[in-house]
Amino acid sequence: MSLDPVVLFFLLGVFARLLKSDLRLPEAMYESLSIYLLLAIGLKGGVELSKHPIGPLLPQVGGVVLLGLMLPLIAYPVLRGLGRLPKPDAASIAAHYGSVSMVTFAVATAFLVDRGVAHEEYMPLFVVLLEVPGIMVGILIAKLGAGGGVRWGALAHEVFLGRSIVLLTGGLAIGWISGPEALAPQSKLFFDLFKAVLALFMLEMGLVAAGRIRELRRTGAFLLAFGTIVPCVFAVIGVVTGRAIGLSPGGAMLLGTLAASASYIAAPAAMRIAVPEANPSLSLAAALGVTFPFNIVFGIPMYHRIATALVPPAT
Amino acid sequence: MQTHALKLVVVITEAALETLLVKDILALGAHGYTVADVRGGGRRGVREGTWEADRNIRLEVICHDTVADAIAEHVLQRYALNYSTTVFVSDIGVLRPEKF
Amino acid sequence: MSLDPVVLFFLLGVFARLLKSDLRLPEAMYESLSIYLLLAIGLKGGVELSKHPIGPLLPQVGGVVLLGLMLPLIAYPVLRGLGRLPKPDAASIAAHYGSVSMVTFAVATAFLVDRGVAHEEYMPLFVVLLEVPGIMVGILIAKLGAGGGVRWGALAHEVFLGRSIVLLTGGLAIGWISGPEALAPQSKLFFDLFKAVLALFMLEMGLVAAGRIRELRRTGAFLLAFGTIVPCVFAVIGVVTGRAIGLSPGGAMLLGTLAASASYIAAPAAMRIAVPEANPSLSLAAALGVTFPFNIVFGIPMYHRIATALVPPAT
Amino acid sequence: MQTHALKLVVVITEAALETLLVKDILALGAHGYTVADVRGGGRRGVREGTWEADRNIRLEVICHDTVADAIAEHVLQRYALNYSTTVFVSDIGVLRPEKF
Amino acid sequence: MQTHALKLVVVITEAALETLLVKDILALGAHGYTVADVRGGGRRGVREGTWEADRNIRLEVICHDTVADAIAEHVLQRYALNYSTTVFVSDIGVLRPEKF
Amino acid sequence: MSLDPVVLFFLLGVFARLLKSDLRLPEAMYESLSIYLLLAIGLKGGVELSKHPIGPLLPQVGGVVLLGLMLPLIAYPVLRGLGRLPKPDAASIAAHYGSVSMVTFAVATAFLVDRGVAHEEYMPLFVVLLEVPGIMVGILIAKLGAGGGVRWGALAHEVFLGRSIVLLTGGLAIGWISGPEALAPQSKLFFDLFKAVLALFMLEMGLVAAGRIRELRRTGAFLLAFGTIVPCVFAVIGVVTGRAIGLSPGGAMLLGTLAASASYIAAPAAMRIAVPEANPSLSLAAALGVTFPFNIVFGIPMYHRIATALVPPAT
């Protein structure tokens, strides 16, 4: 298995942290890089979207939103039944796994590009579509479980106007309105440098993820199993959904990866406010300490093989 | 110099609460506040401030006794159970008491 | 009217802010981007300057400085008479409109480049020349009005050694000394990425400008009228000055845009110290909340048409 | 432990004043100071710290009573009329009084 | 409101000492700490915080009298000779004394 | 002498600081730029290393490590004898001059590239090899001088896992494992923009270095002499070592420059903890206030001439 440099940057971060190096990225750098990545992914998707008529995409949109609504409903009973987790924690983790990881998506896209595998270029649209429903369902489960009312207005505001959604949708909209020519002068920053900026961000992700490993020792084997098995199952569901809505093998692989990925930006922020009783260490340890590295190193190549096996090539 | 005795309430807690807390303390009668980004550690573990989910803020409010009591009690009741939270109060003097 | 992506980024920031999204750019990112932009504009102008003999430019330099000295003297009586503003506020706002907005200049230049309109490439020299005099005159008015003495030494230090002037002039000097070949290895960062970095900065400008809109409700209709009408008048004065000193239509359009733009970096910093009685909310609401968006969205295309109408093409 | 009673003067104001304030307080007899970048809100509105014109600083000075009085009065007289300014004073103890 | 009297120890020193100091104060019996990045000036000159060798931190610890004494003395003895260091202590009140 | 733009950026920083401009780079920008530079240098060296068999390099590695061990042992008696400095200060300064300045190396490399002078591209390996031994020897001298014990474990951790070493070695390793093709998508950020980012960093270095000049007035003429003469001597030793281990003139010049340069990142951090009695103002004033500018402006061209004179061209 030859690792992509992007993964090596991640491992460098992990090693630096485990060896207790004093290496830290300034918080402003972390934030700046993530703003860049979100905008760049959105812009890229928007430009591609501007090349397609929107009408034919609507059934796909429906399928993807359904997928997003379904995933946390699968995860929750597992977390309650097998994991014996308290309701708020189970709901919170279900929301994290119902939502998506934008960086995992970026690494998977780079994986396909490196291998010259075709895929629907407007996939970033699906990132946006998948980011929100999982979180909403997770909150709904938590609130219904607690018998309390849900302040949907405040909640929708929190979720839809969260930083990552605004940047992704903003990028999508700007890319879509502008189209490829108008965005050409932007492409040197937002497209050509993308993979290298992703590499830098992965270094930070490595530092952060490794800092979550200690939590895992405390929370035991269940989260480890959950964080590796559930992504595989979700990836299959995602790939099958992709096939059902007519995606190419590459597109289905990306949808599988999105399903398999767990959010660590939008979901933690939303759940911390909406479900305060949930322990954020648990969900972050699973999403960031287990599933993220698992997907980056093992998952992505595997999901690629699954998609190649399950989805007929576009004709 | 004649200073007027007031209270300083300091709340150290998770950055995610900033907007909520500011709204709360103004509703409880404070007329101002100051916020700094900090990191730290306590009963709920270490919060290093290297990324968003891991940052603390230090909110500082100058106010009268009764408002100080209200803020401290409200914060502890509403947030301390589920969030990393530290609250303390100290005596300070100000020159323009009408401002607070 | 098809909007440039740079303007769309600005609008994204405005919407995010008005919808109360939690999107914020880290302050270090804001500062880093503005350092980059100032240096890049300076370098670009310096490189172009190195291709010209300086002698023939001197009359133009004189004309531009005169323009800078004149603008606040026009604005002040309007602010006092029609606006009924207190002396310090009128002087401060006059200084803001006498000085210039570097980002407006950058957007206008990109506008010309996109349309292939020729213009004097050493225009950044005029940005520097216009940035200072307006501020100095504004301070002078304020101090004379207040009857107090002016500590010119301290003031000149404050104004001439302010961050933006040092970076602009520093960039100009380095570009001029080095010339195009020596700067070639720098061009990939400072020139090729310029427009995309500008777009990122405009996102932040949108967030900041929208935050100033609330002030406007308080300060009423006068500033709204002032902030839209005065730029149009100043643009005409600038274009005419450009014609008088022999600029091409493109160059005259840029000089008009500079005249029409209001400073929100150098002027606020200087006025806050030199004229503390002036309420900074007023000047920032006008410069940032009204004039900046007006120029970006409506002004620049209009000033282009004005310049095309008033200035004969270079032969 | 034997500590010596001194004063802590805290000034929360606009970032633009940092250089001036530092000069002033040293001239008034302080031997040191500490500055933090903060944001906040008060009578003169919200200062969010997202860009230069909108940032506050929190300046903290350990000094003797008389110097504390001088600083507090000077800051209020010189700056409070035109700048967002908050000043408060509190009692602290130090171990090495000769340092301040 | 019934508050419990505790001490607040504040240490302002070079950023390089952060890891060491945190280890020390926890070993001396504190159960938490808060750190902010600051700049400043004092007997050992100006520390502007523009780069790593030039940054200060402000470490704040809520603790009982005896722990406060121990921390203040330890810091002064161990670090004050060779590092820019300022330590002060003040009286505060907390609502949940068992936390500290 | 025509100055490289990189040097002009440094001078701009120096002037801005000496003239008391309020120009400051945000600390996060300083840190981000230095993280970028360390990684980029490492990656570049690693990619080159991946093209060579490692075996034949081992004797060179040995020679370079010996050089690093030797330099502080030469500096220390000079600092004690001629400088009459206390033991801890002498040891600390010796450590700074035994270690290396990564930015000086980068400027020297750019100097060679601009002039088309060939050099061993895997030189960044030597930067890593030279960074640590000087510091270790410096600490050893200080501890032996003080009669106290050395906690070597903690010390090795501090030195080997310091930020700069981790980033440099990490970059080297990633570049070496990945090789040129896998890193191609990263090259637009890490290689193409390198020199311009270096220029930005030099602006900051100018601001910081000029801030150290005041210290020099206090510490007198010795440090000024030490900081200019010792680099020249060390450069000759470095060039001769380069010749001895079979480097090309370009490579020998770079090794000479490394020897001549003094650390201001790794060494200060390590010495502050390991030898607290040493006054950091002294070592920083010498390394940053004297030697860094001296090397950048005068040293590098001179060391190039020395290397050309002493080392036979590769055949």
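For clarity, chains are labelled A, B, C, D, E and F in written order, and residue numbers in each chain start from 1.
Please note the rule applied: a residue touches a chain if its C-beta (ideal position, glycine included) is under 8 Å from a C-beta of that chain, and two chains touch if they have at least 3 such contacts.
The structure presented is a predicted model; accordingly, all values stated were derived computationally and were not measured.
Colleague: Name, by label, each chain that touches both members of the pair chain C and chain F.
Modeller: A
Colleague: Please state whether the interface between chain D and chain E is built from the same residues or different ones, using more than half shared residue numbers as the mark of same.
Modeller: different
Colleague: Applying the document's contact definition, name the chain pair with more C-beta pairs in contact, B-D or A-C.
Modeller: Per the contact counts, A-C leads.
Colleague: Using mean CA coordinates as chain centres, what's the gap between chain D and chain F in Å?
Modeller: 40
Colleague: In whole angstrom, what separates the CA-based centres of chain E and chain F?
Modeller: Centre separation, chain E to chain F: 34 Å.
Colleague: Two or more other chains in contact with one residue: find those residues in chain A.
Modeller: 22, 24-29, 31-32, in rising order.
Colleague: Residues touching two or more other chains, restricted to chain B: which are they?
Modeller: Residues 36, 90-91 of chain B each touch two or more of the other chains.
Colleague: Could you list each pair of chains that touch one another?
Modeller: A-B, A-C, A-F, B-D, B-E, C-D, C-F, D-E, E-F
Colleague: With touch defined as at the start, can you tell me which chain B residues reach chain D in the complex?
Modeller: 1, 3, 6, 8, 22, 26, 31-36, 62, 90-96, 99
Colleague: Along chain C, where are the residues that touch chain D in the complex?
Modeller: 24-25, 27, 30-31, 204, 207-208, 211, 264-265, 268-269, 272-273, 276-277, 280-281, 284
Colleague: Given the complex with chain A, which residues does chain F contribute to the contact?
Modeller: Chain F residues touching chain A: 26-29, 31-32, 35-36, 39, 157, 161-163, 166-167, 170, 173-174, 177-178, 182-183, 185-190.
Colleague: Considering only the defined contacts, which chain B positions touch chain E in the complex?
Modeller: That would be residues 12, 36-43, 56, 58, 68-69, 72-73, 76, 80, 86-91 of chain B.
Colleague: Going by the contact rule at the top, pick out the chain A residues touching chain F in the complex.
Modeller: Chain A residues touching chain F: 2-5, 8-9, 12, 15-16, 19-29, 32, 110, 114, 192-193, 195-197, 199-200, 203.
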